[in-house]
C-alpha cells in the first residue's frame, strides 16, 4: 500500500496516484476534483471496473488539454486529482459510506466532484453526499440498462439497482434516464409510467434535457455509464449491450451542455473495465469524456453556485 | 465426446450443450428449436466459426430475456435448445446431409428451426430441408458478400457459393440479397440482372421487404451472415468487410419484421467466429440477434402455419 | 437461466452444462462426479474465475480420453458431470452452504466429488461436507500462496483465508501445504512452526506425501490452486506468482499418486481464470489436470471405501 | 536482411516483400506503384506503425480485386508493388530523404506513387518529391489531428508537425484539412484563419472538395491518416481519437472522387499500427482503402497527365 | 493473387513472399531451400497453421544470422527461400501431390528442402518425394502426439494419421518418435511393440539418436511439430499438450546434431499457428528453429551427399 | 502533463506517479530510491518499453511486501519512489544526460538508485553517474543479448551498443556478462577473448559471481534485461530470445546475492514492454524482481558504504 493523501484531505482512505492529464494535486484554488472509486464488488457478468480509474488516467496522456468541442482547456489551476479511494470489495454498504464521506468532504470545500468508477453502484454514494447539500438535486443517467430493479439476486445494493436506490435518496428524487435499451419488462413498464424516460435515443434528447434543466436552474448530477455507447465503441465494460450510441453522438450530446450550461454540481463516469477492453479504446473515450465533464463542471462553477 | 441427445430426438449426431438463455431442452410444446451447426470446413481466410454456437450460448447469460424492441419475452415454454450437431469438418456433403436431416426432423414435428453456424455453407442444408416442406420458400440473405459464385477454388460447396446453391434447391428459388458490398464483377452484374439485390443498404430496405413478404404470405427463410455488420461491430468473423451496417441498424431492421410479421418458417445466424472476436462483442450481438430471431419465429408461428 | 437438473439431483441450484470430455450425465453407476462452482466473489486482484468451469469443459475436447501418465482412460460408465452450481456472488457464506449441501448430497450417494472452481474459497464448502463423513480427513494443498490469514481486509471468508478456514473445520484438521512461495512473514513463521509445510518444492515432495498418506490410509482431499504453476504455464489466474512449477512437474507429481494411491475421497481444481488467460493454455492444463484427478479418484474408489 | 530490389529500381534500400493483392512486381507498363515506408521513429504515444505495410499487404488476400464502389478492378497490368524501403528509425531527416529519392525515382518513370506508412512523417518525403515535379501540388489531408505544430518536444520533424512541414515545401503550399477533431487551441485558431479547414465533418465535404479540385485541374496529393476514423473502426493506430468517421463514411467519400476524378498524382495511407490493432480490423480497412486509392490513381492516370 | 515464381522454378503454384532472414531468392549455388506449405485443411481443434510460414518469416528479422549454438552463420550464398505453395485447403490429396512435386523438384536440383507448415499432414508429401530419392530414408519425429492413427473421423489423410502415413511410404519405413505424450491407448501400445518410441523425454535422447543415425549414415528427414514444446513455450499451435519440453531443451537437442551431424536430407517445422499465438513467441521460437535447421541441413550437405 | 516533483528533488523533469508497492514518496531516511526512465527511442524490433515503469508499479499491488526468498520485507521507512523522468524519445544523448543527472543527485544524498526502464540504453546514464562516485564500479549484466556492438545502423547510442558504451565509461570498466545467448559472431569472439562472459548459464554462475564480488568488496551495478528470461516467462519485451532462464532460476540467482551480499550501489531492470506482454506476466515478474532488488540494495546499504 502506497503513501496516502491524508495530510491533504483528512480522509484516511485516499491514496496517491499518477494524476489525470493536466490535473494538479493541490486543492487550493481548485473548482473541480477528480476522485477514483475503483469498486466492482457486485458486478455480475464481466468484472474488472476496479481498474478503470488507473487506466483512464494513464491513457489521458494521449489527449490534448484543449477541447475543440467546448473551445476550452484543462488547467491545473482549477482541476485537482485527489487520487483513489481504497474501498472494500466485499462490503458494498461500507464502500458507499466512504464514497459519500469523501464526496461530502470535497463539496464542503466548494469543489465539484468528478467520480471515476468503478461499477455503477458508486453513484449512490455520490448522490447521497450531494443530496444533503442540494435537496432538489436531479440525477441524469446515460446508460444502456435501466438499473431500476428493486433487488438483484436478493441484493438491494447492486449495479442493477443503482438508479432506483439513487432515486430514493432523501425520500424521493427525480431521475432522467436517457439511452436505455435493456431491462426487464417491469422496468420498462414502470419507466413509461414514471416519465423522464428516453429509451434508445441520442444527442438531440440530451441537448433538450440540458436546456430544460438550465432553464429550471436545478442542481444536476450527471452519471454516464460507458455502456450507453455501442460495444463497438466501448467493448471494455461489464455488460455490453449492442445497438447503442456512437462516441461521436455522445460527445456531441455532452458538448451541447456546454452551450445550455445546466447547474452541474457533480458527475461521474462508470463501468469502464480495462481487463476486457481492446486496444484501450474504451479507456480512451472514457478519458476524453472526463476531459469534457471536467470542463462542464468548471464552466458551471463559474456561472452557478 | 459427451452424452448425446438421441433418446430425445432420434438423431444420432446431436450432443447436449449448455442451453441458450431461457431456452428449455424439452421439445414438448415448443414452437421454436435452436440447433447448433458448428461447421467451418470450407472457410478460406480466418477459420473458427465452429466455435460460434458455444460462445453465442455462453454470452447469452448477460442478456435480459425481455426484448424492448419487440416488447416480448423469451420463455422455455415455447423455445427449446436441442444442442449441437456433430459434423465432419472434412466432408461438406455429409455435413449438409446431416443438417438437412435434423432440420427436416424438427420441421416435421412442427418446430421452426433456428440454426446457429458455423460457416454460411450450413444454410444450404436447412434450405433443402424446408424447401421439401414449403415448395415456394423464399430465402432472404443479409450479408456483406454475394456468395453467388458457381464454384470457388474448384469447389461447388463452399462459403463463397452458398447462396447460389441455396437458390438452386428444388430447381430454382427466389433469393433476396440485402447489404451485399463485396463480390466479383460477375456476381454484381448477374445480381443486377436478376433483381432482388440491395447492395449496401440498411434497415429501410429490410422493413420494405418484410412488408412485401408478409403481404404475399409466402414462407420465408432468413439467413443472417454476421458480416453484414461493419467489422467495428462484428470483428469476430471470417472475412470482415469494412463499410457495413451498425448493430443498431440491423436490430432496427429485424425489429421491423416484428411489426410486418412475414411468414418466417426458419432462420439462421452464421459466421460468428469467436477465436478472432474481441472482448466477445461479436458473440454478444450474435446472441442478441438469436433472441430477436427466436421471438420473430415464435410470433410467426402464432400467426402463420 | 437454463433448465436445471433438479429432477436428477434434487438440488434446486444446479444447471445443465456442456459436459466434460467423456463424462456422462447419468449418476447411476458413477464413481466420480464433476461439479462446477463458478464463484469469485472475494477475489481481490484479477477477477474472472467464475468462468473457469465452462472453459475447462470446453477445451477438454482437444484432449484424448487416455492418460499415458496413468495408463488409464476416462469413461462415462464411472464419470458423471452434474453441471454447475448457481451461486450468489455477493454472499460468500450462502455460496459455501450451497457447495457444502451439493457435495454432501453427492458423497451420500457414494460419489467422489471433483469440484471445478471458482476461487479458492469454494474449497471450504467441500471440506465441510466431507469432514462430516470422514472425521479424520486430511487436506493437501498445492498452491503458490499460503492462504492462511485469519482475515483479509476484515473478511474471514476470503481467498486469502481459505486454507486456514479449511483447517478449522470440525475443530481442527491437518493441512499439508506444498509449493507455497508467497505470504506474509507471519504466515511463513506460523507454517514453519506448524509443520506440514513444503515451500517452493516440486514433484518429489508430492510423491513422498502421497506414499505416506497411502500408508496411513487416511481419507484425503486434494485441492490444487492452479497458481502453484509458474505464470508462464498458467497466466490465466487471479494472482500469478513467478517462480513456480512447470506443467510437467505438476503432472509428474499427480501421476505419482496413481502409483502410491492414497485414499482420495474428493478433490478440486481452483483459480483458473479464463478472462486473463492467453490462448487458453491455463484452461488446457486445467482440463488435463481434471482428467488426471478424475482417474485418481476412480482408482481410489476401487481400492478404498 | 533479405535480397533487395536494386536491379529493378536502382534504389539500394528497397527490399522484396509479399506483394499486395493482385499487384505485380514488374514496373513495365505500370501506372501505379505501391511502396512501403515502415518508419515510426518519432511516434509518441503508441508505437508500431513500422509494421503497417507488411500487415496491410498480408490481409489483402481476404479482399476481392473488384471494387463495387468504383465498378473497377485491380490488375497487375497497371499496379506494381515495389516493396519496402529500409529506413533508419533514429534518423528522421535521412529517412525522409530516402522516401523523397524513391518517390522521385518512381514519378520520373511516370508512376503514380501510393505510399504505405509508417507514421505520418513519411508524407513529408513524398510531398517534397512530387512538389519538385508539380509546383502547384495541393495536399489534401484526412486526419483526426491537425499535425500543424511548429515543433513538438523540440523536434521539427515529428508526426505532430507533419502537415505544417508539408505546407512549407517549396516555399508554401495549399493544404486542405478534413476531419480534424484534435489539436491545440493555437492550431485550431490558425486553421480557422487560414481556411481550407473542415473539422469533424464527413463525406459530403470530401465530395465537394473533390469536385472543386477536379474543376481546377490542379495536381493533388491525398494523405489519409487512418485515425480520421473513429477508434471503433480503426483501433490499431498510434493516437486514437474518439468521435471520428465510420468506415462507410470514409469509403463513400473516397468513392466520390472516382466520379469527380481530381488530378491525383500521389497518395498515402499512414498510421496503421498492427501491434495495437484488434482482430486486424484496422489493417483490413487500410487494405480496402489501398485498393480504392490504387484505383483512383489509375483512373486519374488515364485522364490526367 | 500475387506474381508467381514460375519462371524461377517451373512450378506453377509458387508465389513470391518476403523471404526469411538472410535467405536469398536465387537457387544458383544454393544448398538449402526454404519452401512454405501453408495448409491446414484437416485441423480439428484450433485452425490457423496456414498463416505459419508468413509469420515465421516476418519475425525472423528480430534474429541474428549467427547461431552461437552451432557457431555458424546463415548466408544467402547457400540458403534460398523459394516462397509459398498455393495449396487447396479442401483437397488434402491434391495438396500433398503439390508438395511432393515441389520437394522432388528441389531435391532433383541438389537442394535440401526445409518445409514450413502448415499442419503436420504436409510432412507426408515431403517424405514421399524424398523416399523416391533415398529408399532407406528414416523419419525422425519430434512431437507431443503420436499421430499414428489409421484414420481419424473416417479420414485417412489427417493431422492425426500423418506419421502412420509417412511410415507406409514406399512399403514401410522406419520412424523414430521422440517426445510423444498424447495418444490413444492403442497408439501407445503399438508404439511400445514397434520400438523407436521415446515418450516424454528430452534432449539426451535426441543427442543419442543423432549419434546413432550419423554412425549408420542413413538419410534422415527430421520433422518437428512445434507442440513437442510445452504450451508455455509454444501456445500458438493447434493442439497444445501440457507437460512438454522447454525451448532451451529443444534447442540443445537440435544443436547436438550439429556435433554428431547425421545425414540430414530434408526437414520441416509444422503446426505453428499465429492466430492463437501470444506476443509471437511461438513464431519466434519457430523462426529460431528454422535458422538452426537450415544450418544443420547446410552442414550435412557439405559432409554427405 | 502532471504536477512535477521539483520541490522534492530539485530535478525539473520528474513527475509524480502511483508509487510502487509499499514505497513512500519521502526521501528523508530513505536508503533506496526507485526512479522510472520510460525511454525507448532506439528500440528496433518491438517498441513499448516506455510503458514499463507504469505497469510494473501497477501490478505490484498483487505482491506481498514480504519476500520468503530473502526473509525480509519492504518498508516505506527505507524505500522511496521518486517518480518518472520525463525523457525526450528522439534525443538519446539528452535522455542519458537527464538520467545521469538524476542518478547523481540521488547518489549524492546517499540513496542507492533502482532504475526502471525503458530500454537498455538507460543503463549508460546510470553507470556514468555512479562511476563518478565509485571509480572501480563493476557492471554485472544479466541479458540474452551481448549488446556489445560498436554501432548499430550507424548509431553509437542504441540498445544494441549499451553494454559496450557502459564498459567505456571513465576510460574502461569491468563488465561481467551472464546469460548471453544471442549476438554477432564478432561479439561472441571478442567476449571469449575478454573473459567475464558466461553465455547461456544460470543461477549457479550468478551465485559464484556474487560471492567473488562480495569478497573483493568492489562497488557493483547490476543491470537485468528481462529478456535474460525465456520468452515463455517474459513475452513482454522488445526482442524475445528463446532458450532462456526460467523465472525461478532468476529469482534463485538474485536471492543468492542476499546471502553473499556484494557491495551493490545501484541496479536497474530494463526492457519490460507492456504493450506486447500477455496477461501482465512480464510486468509481474518484473515487479517481483524490483522487490528483490530493492531488498538487496537495502541490505547492501546496511553493510557497505
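We just call them A, B, C, D, E and F in the order they show up, numbering each chain from 1.
Just so it is clear, a residue touches a chain if its C-beta (ideal position, glycine included) is under 8 Å from a C-beta of that chain, and two chains touch if they have at least 3 such contacts.
In this text, all values refer to a predicted model and were calculated from it rather than measured experimentally.
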item	value
Mutual neighbours - chains that touch subunit A and subunit F alike	C, D
Repeated interface matching C-E, over half of the contact pairs identical, chosen among A-F, E-F or D-F	E-F
Farthest chain relative to subunit F (centres taken as mean CA coordinates)	B
Chain whose Cα centroid lies at the greatest distance from that of subunit C	D
Cα-centroid distance, subunit C relative to subunit F, in whole angstrom	39
Junction residues of subunit F, two or more chains touched	46, 230, 232-233, 246, 276, 278
Pairwise chain contacts, counting only pairs that touch as defined	A-B, A-C, A-D, A-F, B-C, B-D, B-E, C-E, C-F, D-E, D-F, E-F
Residue ranges of subunit C in contact with subunit A within the complex	40-44, 46-48, 88-92, 153-155, 158, 275-276
Of subunit E, residues touching subunit F in the complex	61-64, 66, 68, 71, 73, 230, 232-233, 246-248, 251-252, 278-281, 284-285, 288
Residues of subunit E that touch subunit D when the two form their complex	1-3, 15-26, 54, 58, 76
Of all residues in subunit D, those that touch subunit A in their complex	45-46, 181-185, 188, 199-200, 230-233, 235-236, 239-244, 246, 276-278
